[in-house]
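The data blocks that follow each hold one structure.
After this come two complexes, each holding chain A, first together with chain B and then together with chain C.
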Partner chain A sequence: MARIELRNIVKTYGGFNAVQNLDMTIEDGELLVLLGPSGCGKSTTMNMVAGLTDPTSGQILFDGVDVTQRSPHERNIAMVFQSSLLYPHLSAHDNIYMSLKRSGLSKQEIEARIARAAETVDVTRLLDKLPSQLSGGERQRIATAKAIVREPAGFLLDEPLSALDASLRLSLRAELVNLQKRIRTTMIFVTHDQIEAMTMGDRIGVMRNGRLEQIGTPTDIYNRPATLFVAGFVGAPPMNFLKGSLERADGKLWLVNPSLKVEITGEFAGAAPAKEIILGIRPHLMRLSEAGSSALPLTVYAIEQLGNEAIVICDGPAGEKIRVIAPAGFTAPIGTAVHATFDGASARLFDPATERVLAVEKRA
Partner chain B sequence: MIGRTRTIWLVLAVAVALLWTFLPMYWTVKYAFMTKTEIARFPPMLFPHQPNLASFFNIFGFDYTAQDGTVYKASGQARQIMLGLRNSLLVAAIVTAITTVVVVPLAYVFARLEFPLKGKLLAAILLSVSLPPVSTLIPFYTLYVQLGLTGTMTGLIIVTLTITIPIVAWMLIGFFRNLPPVELLARVDGFSRLYVLTRIIVPMASSGIMVAAVIAFLFSWNEYVYAQILVTGSNAVTLPAAMSGFLFQVPEPAQLAASLLLSLLPPFVIAFFLQKHIAEMNFA
Partner chain C sequence: MADNVSSKRAAGAQRPAEISTFSFALIVSIPVLLFLLIVVAYPLAYAFYLSFNEIRFFGGYSADWVGFQNYAKVFYDQSFWSSLSKTFRFTIETVILTLGVGLGLALILKHLPGKWRWLRALIILPWAVSPYGAGIFFAYLGRGQTGVGTAVAAMFGSSQTINLISARFVIEYLAVGAAWNMAPLVAFFLLANMLTTPQRLYDLAKIDRMSRLETFWHVTLPPLRFTIFVFTCITTVLAMKTFDYIFTETQGGPGGASSVLTYTLYKISFVNLDLGYGAAMSFFLLAVILVSTGILYFLWGRKEERQ
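== the complex of A and B ==
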């Protein structure tokens, strides 16, 4: 169990920048999820924390000690790889044993630890089996037991659930979070699945193109995305985006585009007028309404019934897809003209040039 | 209906394939149990009417007296055949051992590590697989004459290794590539590269390595072109070269067939015991 610190980490492969100037701290006992599309540098980052990949420059500290030059084994990290990789020719017991073979512990101590780890993840009855005789979920548990048996400084997981079917993922997700809280270990979990990230992480670090876009709690990431990318990547159904300009009139701030004029209140009320702006609004913060100057004219494209609500997918006036949450059972023929409104206080404004959230001067 | 016609075609196709491979073999087996006069008869007999073991006795250097009192004399090739059998086994065993020891680390390095010029070196290995043996025969021969390696088992082993090592390496590289990336696990567990190769990769790939060894054995066992030129007539003669002696003497088809059968025996035995491992091999 350790506090893991990354200081100005850079990794380049040839001319390609896999990770750029990354600063990040993972607190002791925290579960941090690294989220991003494939190729964003999240696995490279994890491999550098593990010691499997050397950073081009920068430092990695465990509890304040520089471990940048140390091997994975010396760092005492444990790792679960994609598809819960195990030694295929060894039994579950021997797979777990390999974690401690180089530990210098006595035979009895090792066996006791294996028994305890197997108990913790409930795999005692599977210890004699070969990986090929185990189901995906069982392999995952054995890989977890192999990791925790070392009592590691950091527990790293690289998309361990991605090869499993949906219902199994759901239960293993909860199991892993429960385990992490029980043994209070520092855990880094890499995934490209934003729902997995939202449900598991104490904090989420969203990465793109080798950069950390935003790091924060799931609620923070969801409600206050710092960049256009984070806004579009996190949340299902995804956030809606509208283009327009910001204009000040009658002492109020308005988002204006050819089909809409909405007053912006709340957080962004103090923003400076701008020619081009992108407004982001979550589907469940929009509702279908009567026509009006502050209502967005839409055409129904498809309706997804979720049981407790319905997602109405519409074509917007500028050709973009706009999703609006409607009450369960809402139906309308495809092509129907509808309107939707939203509260200007709950929208987020982004600068299309920097793709970052609009800077607003804090009012005293 | 469609299912039935498909089955019929399948059975037919398998029958043709079996006939194609087994008919020539059956013809050889049949000859081995017949006498010279029976073989010469026209139309040919489809099976030996009075099967006898005369040619097997003859090729091992024994006379054979048939029930009707006819004596079949020991073959003049007997000494060569016996010598060839011994040498073939010896050469094949040594070649198999050296090939395996050389190729396992070689294939591992090419399959699992990155290093400069890897692509070019790999191409060089594959190129030597595609060379027809005849093309290097004359250079080898002149070289061997100067080094005094003609007619020696050492010389034959060296030449055979130039065939087996590239082809077995090529096979094993493919096999090693498909193994899961356990090096990652091993690094986290704190094992050295050497430990990974000898204690993790080798046991994991045991069936692939076994099949690779068998391929090396068979290539060596079947090698004829070099043996014919380099060791025929010497004390280092191998079985294929010794058998070819039958072609240049008074025709003894029954004895030739019997020695052919003898040469088929070891591959058959090996294939039989390794069926399971061969099925496990996955070169995809």
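== the complex of A and C ==
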């Protein structure tokens, strides 16, 4: 168990910047999820924490101690890889044993620890089997046992569930979170699946192009995305975006575009007028309505029934796709004209030039 | 329900009957089977017939039935036993060298830096040389007057001629040449195998603090083991039946020092024209090859198959 700090980490491969000026702290016992599309630098970051890749510059600290130059085993980390990598010719027991072979522990202590780790993830009856005789989920559990048996300072998981089928992924997700809370170890979990990130993380770090876009609790990331990328990447169905300008009239702030005029209240009410702006609104904060100046004219493109609600996918006036949540069972022929409204207080405003959320001066 | 089944049957009867997988396999392999019958089965049967006869060419061709006499004679033939031991010596050395060099080459090729990777394609070239050509090539390299031994000695200022094809080490020298010829192919297959091992497994080994040797043993080697077994068998058979390479390189010499079983057979059958006796002895070679590969399979191959 340890507090892991990354200070101004840079990693370049030739001319390619894999990770740029990354600052991040993972608290002791915390589960941090690194989320991002492939190639965003999340796996490289994890490899640097593990000691498998040397950073070009910057420091990595475990509990305040600089470990940047230390090898993986000196850092006392454990790692679970994609598709639950195991040595294919060794039994489950021997795979777990390899984690402790060089630990200097006595034979009895090692066996006791293996038994305990196997018990923790419920694989005692599988210890004699070869990896090829195990199912995907069982391999995953053995890989987890192999990791926790070391009682590591940090527990790193690189997309460990991505090769499994959906239902298994669902149950193992909960198992891993439960395990992490039970053994209270610091855990970094890398994934490109935003649902996995939302459901597992104490905090989520969203990465893109080698940069940390935003780090925060799942609720924070979902409700208060700091950049356009985070807003579009996190949340299913994804956030809707509308282009327009910000104008002040009658002492109120308005979002105006050729088909819509909505009053902006709440957090962004104090924003300065601007020519170009992108407004983001979550589909479940929009509802179908009568026509009107504050209602967005839409054309139904497709409807997805989810059982408890329906996602109405529409073509917007500027050709963009707009998703609106409607009551379960809502139907309309494709091509039907509908309208949708939303509350200007729940929208988020982004500057298209910086792609960041609009800065608002705090009103006194 | 019953109607349904019978109507299906009726529909089936109208279509031309499908042939079974076995019949299809038989039909497509008939040309090959015929070919094998002509070039393998017939000569083999004829050799079997010859081995029970004494064949004479002097004073007109004659074949006299002698029963198992030719086979019995082999047991008392000193040159058979000495040829057999040379065959084993050549085979064991060739197999170990070929597999060892092949594995080494594959490891080097795997770790080639990006701009040298084209060497992977070039390395196959020695295998493209026919054993016949390799024999001529290594004969010149080994001789005192033209060989590398003398050239290296001259580099150090010595005027001595060093002959690599000496009675004492000619088998070893032959094995080196045979390995040179075959190892690139082994390297090629082992390299292909190695490249399927995920890089992440090496990361796992690092985290587990494995030594280089342990990493080789637990990560690099396991996926190669079956290929190594297959090539051990192939190289064993090839080495035991090698003839052209030795014929062009040493002609069984110096003296009879490299007269392996195939070369002795050639001399008996085609120089001395003792066809019946040669045929009998050649069945001993066949038995040796079958037994050797059989032992390899039972002691090693079955274990690799189960994984």
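Following the convention adopted for this analysis, the second predicted complex is superposed on the first by the 364 of 364 C-alpha atoms of A that agree within 3 Å, B and C clash if a C-alpha of one lies under 4 Å from a C-alpha of the other, contacts with A are read in each partner's own complex, and residues count from 1 in each chain.
To be clear about the criterion, a residue touches a chain if its C-beta (ideal position, glycine included) is under 8 Å from a C-beta of that chain, and two chains touch if they have at least 3 such contacts.
Remember, predicted model here, so these are calculated numbers, not experimental data.
S.K.: On chain A, do chain B and chain C fit together or clash when superposed?
M.R.: After superposition on chain A, which the two structures share, chain B runs into chain C.
S.K.: Under the stated touch criterion, which partner chain does A:101 make contact with: chain B (first), chain C (second), both, or neither?
M.R.: both
S.K.: Does the superposition put A:89 against chain B (first), chain C (second), both, or neither?
M.R.: Both: A:89 reaches chain B and chain C.
S.K.: May I ask you to decide whether A:25 touches chain B, chain C, both, or neither, giving the answer as first, second, both or neither?
M.R.: neither
S.K.: Based on the superposed arrangement, let me know which partner A:72 touches: chain B (first), chain C (second), both, or neither?
M.R.: In the superposition, A:72 touches chain B and chain C alike.
S.K.: Kindly list the residues of chain A that each of chain B and chain C touches, one partner per complex.
M.R.: 50, 52, 71-73, 77-79, 81, 85, 87-89, 98-99, 101-102
S.K.: Where on chain A does chain C make contact in their complex?
M.R.: 47, 50, 52, 71-73, 77-79, 81-82, 85, 87-90, 98-99, 101-102, 130, 132, 158
S.K.: Applying the document's contact rule, which stretches of chain A touch chain B when the two form their complex?
M.R.: 50-52, 71-74, 77-79, 81, 85-89, 98-99, 101-102
S.K.: Name, in rising order, each residue of chain B that touches chain A in their complex.
M.R.: Where chain B meets chain A, its residues are 180-182, 184-185, 187-191, 200, 203-204, 206.
S.K.: Of all residues in chain C, which touch chain A in the complex?
M.R.: Result: residues 198, 200-201, 203-204, 206-210, 218-219, 222-223, 307 of chain C touch chain A.
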